[in-house]
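Below are two complexes that have chain A in common, paired first with chain B and then with chain C.
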Partner chain A sequence: MRRLSTVRAVSFAVASFLFATSVAGCRREERRFRESPPSATPTTVRVSALQPGTMQDTTHARNPYENNAYAQSEGQRLFGWYNCAGCHANGGGGMGPPLMDDQWIYGSSPENIYTTIIQGRPNGMPSFAGKIPTTQVWQLVTYVRSLSAQNSTGARSSRTDHMMMYPGSSSLQDPEKPKNSFRPPASEMP
Partner chain B sequence: MACAGPPNGRRPASGVDAAISLKGRVWLAAALLCAAGACTREQKAEPARVPASPALPAAAGPRASVALDAEDGQWTMPAKSYSAARYSQLGEITADNVKNLRPAWTFSTSVLRGHEEPPIIVNNTMYILTPFPNILYALDLTKQGAPKKWQYEPKPQSEAQGVACCDVVNRGPSYADGKIVFNTLDNNVVAVDAATGKELWKTRVGDINTGETMTMAPLVVKNKVLVGNSGGEMGVRGWLKALDLASGKVLWTAYSTGPDDEMLIGSRFKPFYPKDQGKNLGVTTWQGEQWKIGGGTVWGWLSYDPQSNLVFYGTANPGPWNPDQRPGDNKFTSSLVARDADNGEAVWAFQMSPHDMHDYDGVNESILLDVPWKGQTRHALIHPDRNGYVYLMDRTNGEVLYAEPFVHITTSRRVNVSNGSLEYVPEKKPRVGEVVRDICPASPGGKDWQPSSFSPRTGLVYIPHQNLCEDEEGLEANYISGTPYVGMNVRMYAGPGGMRGRLTAWDPIAGRAAWAIEESFPVWSGTVVTAGDVVFYGTMDGWFKAVDARNGHPLWQYKTGSGIIGQPVTYRGPDGKQYVAVMSGVGGWAGAIVAGNLDPRDSTAALGFAAAMKDLPDATQKGGTLYVFSLP
Partner chain C sequence: MLQDGLRGALNQSALEPAGPQAAKVTHLWWFALAIATTVYLLTMGALWWAAHRARQRELRGEAAVGPEAEQGMTRGVTYSIAATIVILLIFLVTDLSVGRTLSPVPSKHPLTIELTGHQWWWEVTYADTSPHGRFTTANEIHVPVGEPVLFVLQAQDVIHSFWVPNLAGKKDLIPGYTQSMWFQADTAGLYRGQCAEFCGLQHAKMALHVVAESKADYQRWVDQQRGTAAIPTDSAARRGREIFLTGTCAMCHSIEGTSAGSHAGPDLTHLASRRTIAAGTLPNTRGALGGWVVDPQRIKPGVRMPPNMLKPQDLDALLTYLQSLK
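What follows is the complex of A and B.
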């Protein structure tokens, strides 16, 4: 009896896994060529975890493209197109901070990154409000999060897209051990 | 230098310069050391040194000379004198006693970014200008420990940090007529009363929303403050402006590109070579209106010749880096320009790197020397350029006397002195969607902004520089005002030999290196040389070093708190003693990996520089501190 339930549990787990992966797979391959303007622009976005009184979560705005492979590669194209790469390089940073590490001055959630792009930040991040269509901003968010492996690795491209430091490393997005560095106060960083 | 054989597979090509054959000697010296069993860990940290040859070329024969003011023990402008020699006639500290040098006092700037500036010393007061937020400190040298007299804060716009290509540095203030004059990152030129710290005037001359910033040190000539903009990576149009020292009013603007009247090119304009002659070249050597966003910024050094009343300066790279997007010679980017100091009128121009392909700015210093040349004395300037050649030119007319390589070069074959042209190697031209490898020198050039010095005693020019090569991959760049306009993936690495930096003592008459010192990291600090025959410079891992100006023999070194990329100076204190001062605080383009916490897993970070500096975060930390040294 006990043995039977184990078998049942295993087969249930396998079925759920298959279901989950097939659903995720659909999402991964989904391409929306006719976008209605997403109404899901974030409203209450907090940059600070410190709040007076009871801790309340940010209203999470759903990124319609999280884990979508097409949006991620479009985001990558747009990352170059809108000169994001001019400051952040291919994730390693330059004029702007790196995006492939685990340090997020203004938050790493989709709505944080969305707000950063739209509103800009006072130490150097330009505001792109009115310059980039909302759908493309969400595609950029998807790509930016992929640089630090925050969304599904299954949606990532396995191709070499840029010049690698080491021959044979196929992606910039290896979630390696984060580099050891001192995190400066936000006022010191763009 | 590690104990290893010669750089494998990177033998210099035939016809390569003296500096490279010199490298061979460095290897030989290292090999001998190793053979003697002396290759200990300690010695590995020591710079490799070329043994002094018995008869130095500089010691015999005629020497170059330089116009110097009477030594007053002060240091009133970054380059010390209009001739930009960075030579001090103070001789208390000598090659014999420099080993006794010890810290006298230090001062923290409270800024963590790259400190490229020199301290300025006037009337027993020392002035320190920090990187963004460009705080100006005045320190009282008459009191023990040099306490602060006052500080002035221009409060530049914070957003300016986002359009500064290569860290938020500043290359120093200048003193003139009771005023300290400097530029802020957000394009203000400020004059402050040197005695009280009171702001006298502040003039905004640029706009961060078009990508402009200011990082250069002004040069004050007579009653004019000469300043230029930065932003060659942001689609900025370069200019030099003259402001009235008394009021801050802009008197004239000379653009680096565009129609002749906007470039202040008129009847006096007589370039030496036909390639630089013609009408409206600032428009006709571009496609369409690309000259409006074509770069040619003026963020480097100016020097001034009172005899001819000419100022000399270089213009930066054309934009974008991707050369396919801007057909033509792109005049007058990557050029040297001579202008009348009063009205800005152009007298000659010489384009070192026409249709530049690798970010070879022409902004490096020009030291004004008088050199014996084929039986005559020529009023010359010596200019070690990013493209890898040291140019010796007649400063009266722009004729090239020689252009000799001082680093390993693969991007060009030579400079043809008869017509002034740089003969490119077509295979090294960057191409869109393709990686072109082994491009030497890399984009920061054989040498970047870090200024050289010249000693009339040894007749040598002390050039701090790097030894880097790179791979490039062209991309299509989009022009979006106030954002980067580059179009190139770059990754850099050490050049032949594996050492990324070098201090080269250059014989300006012979046109070759007399000796050189190898350093692991790029030598991103300036140099200063004294009548005591000591050259001072710093390294990016924090060592401040003194070497013998005659032969490069290491004499003394001191480990500061952070990497040194500043400009060392020396002065006489109120107590009559000679002091040496330098800023420690890593950053700049080379140190952006530390100053900006960059992630080198992306080899294109910091326009490719982070790839070559992966080990810098292990070697140094951030933090701006002034160090002042003296003999006991």
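What follows is the complex of A and C.
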């Protein structure tokens, strides 16, 4: 009798674990083709909690695709389509800074990367405002963050034909700890 | 009647050949059907006869198995194995001979078309010895009647398969590997083809049309396709052109004669001259085009084109411009 109840408890635990992981997995694999309507997403992105004057509303756009594998894959494709690779190579850097290390001149949070893409940055990064739909910018943000292994390693973009650390990774380094890169002297930072 | 029932789509049937390639394939198909039907009827007849004879014997109270039955069994099995080998050899020989007669291109300098498969549309480039003679279009192939046309097949992302049933058999388009095939259209007409290798979400909506026309009509079409897009004269189309070039459209599409030169999406230089949009999904009308530009994800979920937020008057101007691209 005692044994039976142990078996029952174990199987219940296994079943609930499977259920929990499958629910989490659904979100990771969720494919949202149609953001309706696209204009409904707020475009104000706040990169700091501080606000001048009286405190305004605290709502702001966040990355809706963080840790979504499909968005990451789409971001990977768009990274090529919009020629991000032209300056950043496939994350390794070229004319533009590398994206797979842990050195972020203008911040590494999704909001920072979003504003970098939308507004552009001095010394070369063009502004893509009005050129790329908001949803696609967030997909690019998701992919760019995956290059330096900043989002969950549970979601991966598809295999690339470019530089890879190990099969199936879009990232060059150990997903757990980003590789420390050479930090240029402060005077050379733009 | 039977053929009407079997036809899946208009102008798309392997049983109504319009060229020598498809005719051979159709003959092969009918031949295989005749042999298979004969074998099926003989097998079913023999089965019925065996069952009937056994039942008659049982009713007469005779023993089912005797020494002569054993001998008959050996003979029967030998005959059927021999027949199977002969029939398979006949199939093999016919198949090889059809393949051999069809593979070489019967012309020294055939019209060459480079066909590239994308998820989920067809890029069509007419090759020419001079760069000015080359031009690119999408999802619609024009060929002159009675002339062999050589296709150079490539794929951009995954494996696709080029299949126009009325004109030829299938051939795969493989990423990183160039294949070729040819066909010839003997009857003028419009033939529908589609991707015949599952290639992702919108595989079913990856169609193309082949327009076989007289030499003169074909030449007129080529001359028109080689031209660049003219700068429109009316104000609405000019505004549409500005929206196209400064907005999201120019990030993926190209129009010859403008600064839009990206090749991620189909070339739109002569969009208005095509019969369909979105790889044979919609007729090329103003309404369909408008619906497609604003919300392509509703029509082909998962398609690479994003929804576009445009003010009504901007959309109207853009459509006027796109429809002026004859």
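Quick note on the criterion: the second predicted complex is superposed on the first by the 112 of 190 C-alpha atoms of A that agree within 3 Å, B and C clash if a C-alpha of one lies under 4 Å from a C-alpha of the other, contacts with A are read in each partner's own complex, and residues count from 1 in each chain.
Quick note on the criterion: a residue touches a chain if its C-beta (ideal position, glycine included) is under 8 Å from a C-beta of that chain, and two chains touch if they have at least 3 such contacts.
Treat the numbers as computed from the prediction; the structure is a model and nothing was measured.
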Practice prompt. Applying the touch criterion given at the start, work out whether A:33 contacts chain B, chain C, both or neither, answering first, second, both or neither.
Written response: second
Worksheet item: Given the touch rule stated above, what does A:133 touch, chain B (first), chain C (second), both, or neither?
Response: second
Item to complete: State whether A:149 touches chain B only (first), chain C only (second), both chains, or neither.
Response: neither
Item to complete: Determine, under the contact definition given at the top, whether A:96 touches first (chain B), second (chain C), both, or neither.
Response: first
Worksheet item: Just chain B (first), just chain C (second), both, or neither: which does A:47 touch?
Response: neither
Worksheet item: Any idea whether chain B or chain C touches more of chain A?
Response: B
Item to complete: Give one of first, second, both or neither to describe whether A:82 is in contact with chain B, with chain C, with both, or with none.
Response: both
Item to complete: Determine where on chain A the residues touched by chain B overlap those touched by chain C, and list them.
Response: 81-82
Discussion item. Looking at the complex, which residues from chain C come into contact with chain A?
Written reply: 246-248, 251-252, 262, 264, 295, 297-298, 301-302, 304, 306-309
Discussion item. For the complex, give me every residue of chain A touching chain C.
Written reply: 31, 33-35, 37-39, 77, 81-82, 130-133, 135-136
Fill in: In the complex, chain B residues that touch chain A
112, 158-166, 233, 435, 471, 473, 475, 477-478, 480, 482-486, 489, 491, 592, 596-607, 610-611, 614, 617, 621-622
Worksheet entry | Interfacial residue positions of chain A with respect to chain B in the complex | 80-83, 85-87, 89-98, 100-101, 103, 120, 122-126, 162-165, 172, 174, 176, 179-184, 188-190
